[in-house]
Each structure stands twice: as C-alpha cells, then as structure tokens.
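Just dropping this structure here.
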Amino acid sequence: MSKVASRYRDPASETLSWRLILILLAVAFLGIVVVLPLVTVFYEAFRKGTGAFIAAFDEPDAIAAIRLTLTVAAIAVPLNLVFGVAAAWAIAKFEFRGKTFLVTLIDLPFSISPVISGLVYVLLFGAQSYLGPILKSQGIQIIFALPGMVLATIFVTFPFIARELIPLMQEQGTGDEEAALSLGASGWQTFWYVTLPNVKWGLLYGVLLCNARAMGEFGAVSVVSGHVRGLTETMPLHIEILYNEYNFAAAFAIATLLALLALVTLALKTVLELRYGDEIAAGRKH
Amino acid sequence: MDVKIKNIRKEFARFPALHDLSLDIASGELIALLGPSGSGKTTLLRLIAGLEQPTEGQIFFGNEDASLKSVQMRNIGFVFQHYALFRHMTVAENIAFGLKVRPSATRPPKAEIRKRVADLLDMVQLSGLEKRYPNQLSGGQRQRVALARAMAIEPSVLLLDEPFGALDAKVRKELRRWLREFHDRTGHTTVFVTHDQEEALELADRVVVMSQGKIEQVGTADDVYDRPGSPFVFSFIGSSSELPVTLKQGAVHFNDRPIGIADQGEGRARLFFRPQDVVLTDGAEALSGKVTACRRLAGTRIAEIDIAHGAGSSDKAHHVEIEVPLDAPVTLGGDLSFRPTRWRLFLES
Amino acid sequence: MKSWRQPSILPGFGLTLGYTILYLTLIILVPLAALVWRSTGIGWDAFWALAFDQRTLLALRVSFGAALIAAAINVIFGVVVAWVLVRYQFPGRRLLDAIIDLPFALPTAVAGISLAALYAPKGWIGQIFAPLGIRIAFTPLGIVIALIFVGLPFVVRTVQPVMAELDREMEEAAATLGASRLQTLTRIVLPTLVPAILTGFALAFARAVGEYGSVIFIAGNVPYVSEIAPLLIVIRLEEFNYAGATSIACIMLIISFVMLLIINMLQMWSRRRYSNV
C-alpha cells in the first residue's frame, strides 16, 4: 500500500519537490525584495544605539515635520473621503451615460507620476503663473506653503477611497435604499442608517490606504514644498534632508515611524480582509 | 476492458469517504453509480480515473494494477460534470488536445489528428462547429464536445460524472437516449455517476446503489426496484412507506396487533411497502389511520395517512402513502383502512 | 428626448454627481489642463528642442527602460508568488500574503533610503556583489531594483484573484487526456492568465515609470546615465526652467498614455482570445 502512496501524485498539482522549489523561490524573492528593506530601516535606525535614535526626535525640525505630516493628512484624507462617498453614490447607485469615462478620469492620478502631480500645481499657482502675481498681491501663498502641499497630497491620493467604495456599492445594488425610502426614510436617513453601515468596513479600508499614502507621499509634496526647514517639511522630506546631510541614523530613525505606520496599516488591512472580506469590495485593485 | 475494484478505502483528512468497497465491472458494460450526495459515488469515479488516490485497496484495469499508474497513463476518458472544456480553445482544438500532447513518438501526424477530430465531430453530431469556442455552444453541445474530447484518446474506460446534471429536463432526456445508443455503438466500458434514479434505471445495464461510502446493492433495474437488498435501497429507489413492526410466532405485529405472516425471524423489524402494493379493506389485519392529504397522480390518487400508535401512546403518528383507486371514498380528515399486499421486512440488528 | 440617465427613486444624484465633477475638475482636470496649456505656450520649435535634447532623451530612456525591465521581472516572480500563495498550503502563507502589500504601504522615501543602504557597496546585499565587480546602488541596476520593489504588489494582486478562480477541473481534464503537468501549465493554465498578467504588467509599469521617491536615493542620479525623467523635471524646476519641466512632463504623459493604450488593446485582444471569447 505504501508503494501506491509513493507513486501517486495529485494530477492537478505539481510534485512535492516542485512545490518546495517554488515556495522557496517565492519566500526568497519576497525576503530579498520586501523583507530585507524593511529590516534595514530598523537596523540602520538603531545601529548607532538608542541614544542616537532618540536624539533624532529631540529636535524642533523633526517635531515640526511630524506635525506637518499629520496636518496635511488630516486635511487631505477627509476631503477625499467626502469626495469618495459622493462619487461612489453617484456612480454606483445610478445609471447614466459617460459613467465609464468618469471612472477613468477618477483613476487618472494612479497613472501620473507624483512629480508631475506636484508640477501641475506649480504651473497653476507658482510665481511664474498667471495666477501667481494675483495671489501674491492678495497675500495668499499656495506654492511652497501648506495649501500647495495639501493640494498635491489630495491629487495623489484622490482615487483611493472612491475606488474602494464604487465596486462595493455597485455590488450591493439599490434594493436596501429603495426599501428604506419606501418605508418613509428621508434621503439622508437612508444614507446614514442603510448605506453607510453597509459599506463601513470598505470605507475604513479605503481611508486606511489613503492615509498611508497621504502621510508617506514624497514626490508630489517635494515639488511644491520649497523645502523650508521646520516650516514646509513633512516627514518624508525631512528624511531626505537628513539623508543628504549624511545624518543616516536620524534619517532612519524618522523612517522607522513611517515604517511603523506602514506595518500598522498592513496589519489593520489584513484584519479587515480576514474578518470582513465579504464587506470589502471584491476584485479590489490598488 | 473490465475493471475490478478491490477493497478500496478512501479517507479525506481522516474523514472516511469510502469504506472497504469492491466492485467488478465487465467489459463493455454500462454502469450507473447511484446515490444521494455524500454517498461517495463521485469519489469512487475519481478513484477509478486516478484523480484521487485510494487510502487502501487496488483497482485493476484488465489484469493490470492501475493503482500504480498515474492518471495520464491510465488512458481513461473522463467527462466532467461541468465539462471542463478549455475555454481558450476551439471545439476542434479541445478534441485534438489529448492527441497533440502525446510525445512525438506516439503522436499521430497532423493530418491524421485532423481526420480523427472530424470523425469524432461527426459521431457526436457537431460537424460544422469545429471553429466555435465553448461559450458559443449550448449546454447539450458542450456535453457532446466533452464526450468527443474524451473519446479522442481511445480510452479503455469511459467515466462520466453527472453527465446530464447541468442540462435542462428536455435536453437531458434526449441526450440520455443518445448516450445509450452511443454506448451500444462503441461498446466502451462506461461508468457514470448520477443522483437521478430514473436516469440510472433507464440507462444502465447495472446500477450500483451507494450510501454513506458503502455499496448498498448492485443489480439490474429490476433487481434494485423489485428486490431491494436493504432498507436504504427500498426507500431510496421509488416511493415507499415504512412501519416499525415486531415479529413473533410467525406473525408481523404492528401496535401489538398481527397484520400478516412472517416467514422467519423474531424481534423488532422494519416493514417496507410500495404505495401501489395495498388493498383497501376493513378486515381484521387492516391498518387504519387519518387521511392528511390526497393528491392526484396521473391515473391514480395518492393518499397520505397518519397511523396513530396504540391508545395512550404519545409518540408521533406514522406517516405512510398509499395508492387508492380514483373512485375510492376518501375524505380528508376521515379514516381509511388498508392492508399491504406485498412488503419486505428488514430485521433490526 | 431620451434621457441620458435611467430614472431612479434614490435621491441625491444631482448633488453627488455635481460635487464629484466639480471636485474632479478643480483638483485634477484644471491643473492638468494648466500643464497642457503651458506646454502649448512654449511654441513648437522650442518644445521640440527641449523635449529631444540629449539629456531628456536619455532620462526618458532610463525611466521607461528600467520600468519595462522591472515590470517584466515582476511578472515572472509575481506569477510564481501568486501561484504559491493561491495553490499551496504551508506555514507562514498568511504572513507572506500580507507582506506583498508592504511596498504599497511603505512611503517611497523610506523604501528609497533603505534600498540605497542595502545595495550600497557596504550594505548587506551590496557587499556580496562588490567583490565581483558588480555595483548595484548608484547605477541603473539600482533603479531597476527599486522599481521591482515598487511594482511587485500590482502584479501579484492582479493575478492572484484570477488564479483563485481557475477551474481546477480543466487541469484534471488535461491530465486525463494524457497531458503532463508542464503541458497543462503552459497550454491550459498560462493562457487563461494572460489577460490578468498583462493588466498587472501595465499597472506595475505605469507606476514604475513615474516613480520618484524610492529611486532617487539608490539611482546615483548621474546625468545621461542614471537620471530618471521625474528627477529631471525636478531639476528643471529648481533651475526655474518651467518650459523644460513642462515639456518633459508632457512627453512622459504622452508616452505613458500610448503605452497604456497599446497594453489595453493587447488586453482586450487576449481577453477575446483566451477567456470569454
């Protein structure tokens, strides 16, 4: 009987040795490409000891960078949240011509270089632009200031929440809402008590991804920031400056904060997927 | 080719699917594996194909131990329940696949493959559709492509998993007759799985009735219908009613009352009878109960009757179904007395 | 007149669609229009000269070339990784699956400095290759490494769900017809994955072409050699050469657009050819 077992193999799978080879290949590839860079962040941050690590945060510029990062995200994410919900409502719950085109436009920022995302605002509001002198005369500064950085971040993270909600709400259809309306609920009540609870986990998922990208955005923000230390530096920009000043320990120390943010995002994302997989849109794409 | 299955046992992750099962299939036979879902019939078919590995036991194709052969080497034709046609290949490419993947030494030349495909398409009456893709075909056409594809490799055994399961009733009946003719023409040893008893009884030379990983009975349609070998077969094939009885001193007792003669046996038993094997009578040995439902079935009428236990018993009444003449005086809620004329007893062990 | 939308009893269509279009216009369309408008203001000859000067051309070549190579490598390994995650059960599979998204969640600047440290001649990986005379960091090779990191999740996450939906009976059918496992994989499994693989490739490629943060630290940024197009835009901006920056941006957008169009057409073709005909 053991002879049978040893000769037999599942016809719809690879042999054990091939399976092992492929698993090892995948593990090795992910280990080198993904895990090693992550480990390096923490290794480099603590290489000069915990003293150097803590010192990196005991600095006004670092604190300012952290505060600015949080501020930018705190403005950009809610704005994209409102947009995402509105867009998903219009696109998922109604049938109208030009819908596919609208979805393509919403996806546009995904295929545009972050540097170009920043550049467009410089061209629109910068000193050389037509609007530039007018804004300046009014004392409004957009480029090389907070508004520009927020705008660039919004641009880059624009599709995240809408992209998460649209397929989810499409899948759920309009039956629940129609039932609520027929029972006498108002439009807002229907939205608050029926639609929102149905999509809350998908929404949270989208917000999570949007926030991670907003806090970590580098290219777009770099173009519009002007790199004024302590004023227009977010954490990623601060990391760049420290790195270019060969202050590696400090650069990596700040980087650990962002790496932790990424890890927490991943952990929450995994938990959401495991527990509420059905309530997060199927066939999701980044 | 004849197939012998010897003491096959199959466990899925400690869950037993087949218990020590043996079966001989003669060359050229058309065999149905019949049973409810979870009875292990599909597992048995997949074991014969080599798509599953037996935990214990052997399978012989002729005199050769097929257990030692991989599915690729067994040379079986397998038709999947949902056909598993290759979606990205045309009908012709699907049928030719089994020939094209052969090593160059045994692969027929291209012209011959083309001819073979044309012949097979002709045989399954799909000539002219060779350039179509599977999703451009109807269910019945797909089914026949799957059959042609399986036949292309000239299999020694043809295995079909619920071959008509995914088709609507009308196409199913047509294809059933067509498959029987096809089998008679080609003479392949054929095993098919079904949960539809009508299909099994009509089509197969012999029916293998399975339940809970065991073979309950193997026999012709007449065997399994007229001479069911077990309570399961009696209740699974055709309609029947069951009563718990006691055998003592050569008589069958129900509710402590003799209702007939028992040739042998002593103790508790289960009595089965078919709805048509009854007469309406008020005699001493009659059973009587309350008519709970009455429905017309073609030329007859079926009455559902609840037979209460003896006085004082709080057990649930026994529900039986009997056939009554159209002119019989049956009133809903009224009493009706009858007596089974033919029955089978299965002693409880 | 036939209405441009189907009637519905749900409220809020005008409000939400109006807001969506307004926000989209203000945030995305107007700024992009500014880019296009500014580029037209440069004048054709000047635009031509700016777009096709040697340094720009080489930067574009580095960006698109490295993105192409990285996306191709990601397709190969991404398909293997997705297959392993979908088909095999082994300890740590969940963790491996979760890790795939790290490049997506990790800020690019963090990835950039980390990769630079890792592949520098004294880094963990760099020191393995340094004695062989192979330099990775601060060469075009480094750019490819960074773009592999960035693009990986796109391939895996596009191919994975399609693999999970594969009909295993098709593979069993191929086996019963005598096909070896390799034949089944190449003739049955792979063709059905082609549309998904092309999509994953396109997404990874699009992301890699525009990537900035994770590249500039490891690239070395030597003009004419390891300078990527997005960096050249930044450099032109810092020189207050707005026309230069605008023209490079325009060329990038056009090339990306054309390539995505081609890939979209390929995808449509392959979808017709390989899946639902």
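For the reader, a short list of remarks on this structure follows.
Chains: A, B and C, in written order; residue numbering restarts at 1 for each.
FYI, contacts are C-beta pairs under 8 Å (C-beta built on N, C-alpha and C of every residue); 3 or more make two chains touch, one makes a residue touch a chain.
Keep in mind that what you see is a predicted model, and the values were worked out from it rather than measured.
Chains A-C form the pair with the most C-beta pairs in contact.
Of all the chains, the one whose CA centre sits at the greatest distance from that of subunit C is B. Rounded to a whole number, the gap between the C-alpha centres of subunit A and subunit C is 16 angstrom. Per-chain Cα centroids separate subunit B from subunit C by 54 Å.
Among all residues of subunit C, those that touch two or more other chains are 172, 175-176. Among the residues of subunit B, those touching two or more other chains are numbered 50-51, 71-72. In subunit A, 11-12 are the positions where the chain touches two or more neighbouring chains simultaneously. Against subunit A, the residues of subunit B that register as touching in their complex are 50-51, 53-54, 56, 58, 67-68, 70-72.
Residues 167, 169-170, 172-180, 183, 187-188, 191-192, 273-277 of subunit C are the ones that touch subunit B when the two sit in their complex. Subunit A meets subunit C in the complex at residues 11-15, 18-19, 22-23, 25-27, 29-30, 32-38, 40-41, 44, 82-83, 86-87, 89-91, 93-98, 102, 105-106, 108-116, 119-124, 126, 128-129, 151, 154-155, 158, 174, 177-178, 181, 187, 190-191, 209, 212, 215-219, 222-223, 235-237, 239-240, 243, 248, 251-252, 255, 258-259, 261-263, 265-267, 269-270, 283-286.
Taken together, the subunit A residues at the contact with subunit B in this complex read 1, 3-5, 7-12. Per the touch definition, subunit C reaches subunit A in the complex via residues 4-6, 8-13, 15-17, 19-21, 23-24, 27-32, 34-35, 38, 77, 80-81, 83-85, 87-88, 90, 92, 94, 96, 98-115, 117-118, 123-125, 148-149, 152-154, 157-158, 161, 168, 171-172, 175-176, 181, 184, 203, 206-207, 209-213, 217, 229-231, 233-234, 237, 240, 242, 245-246, 249, 252-253, 256, 260.
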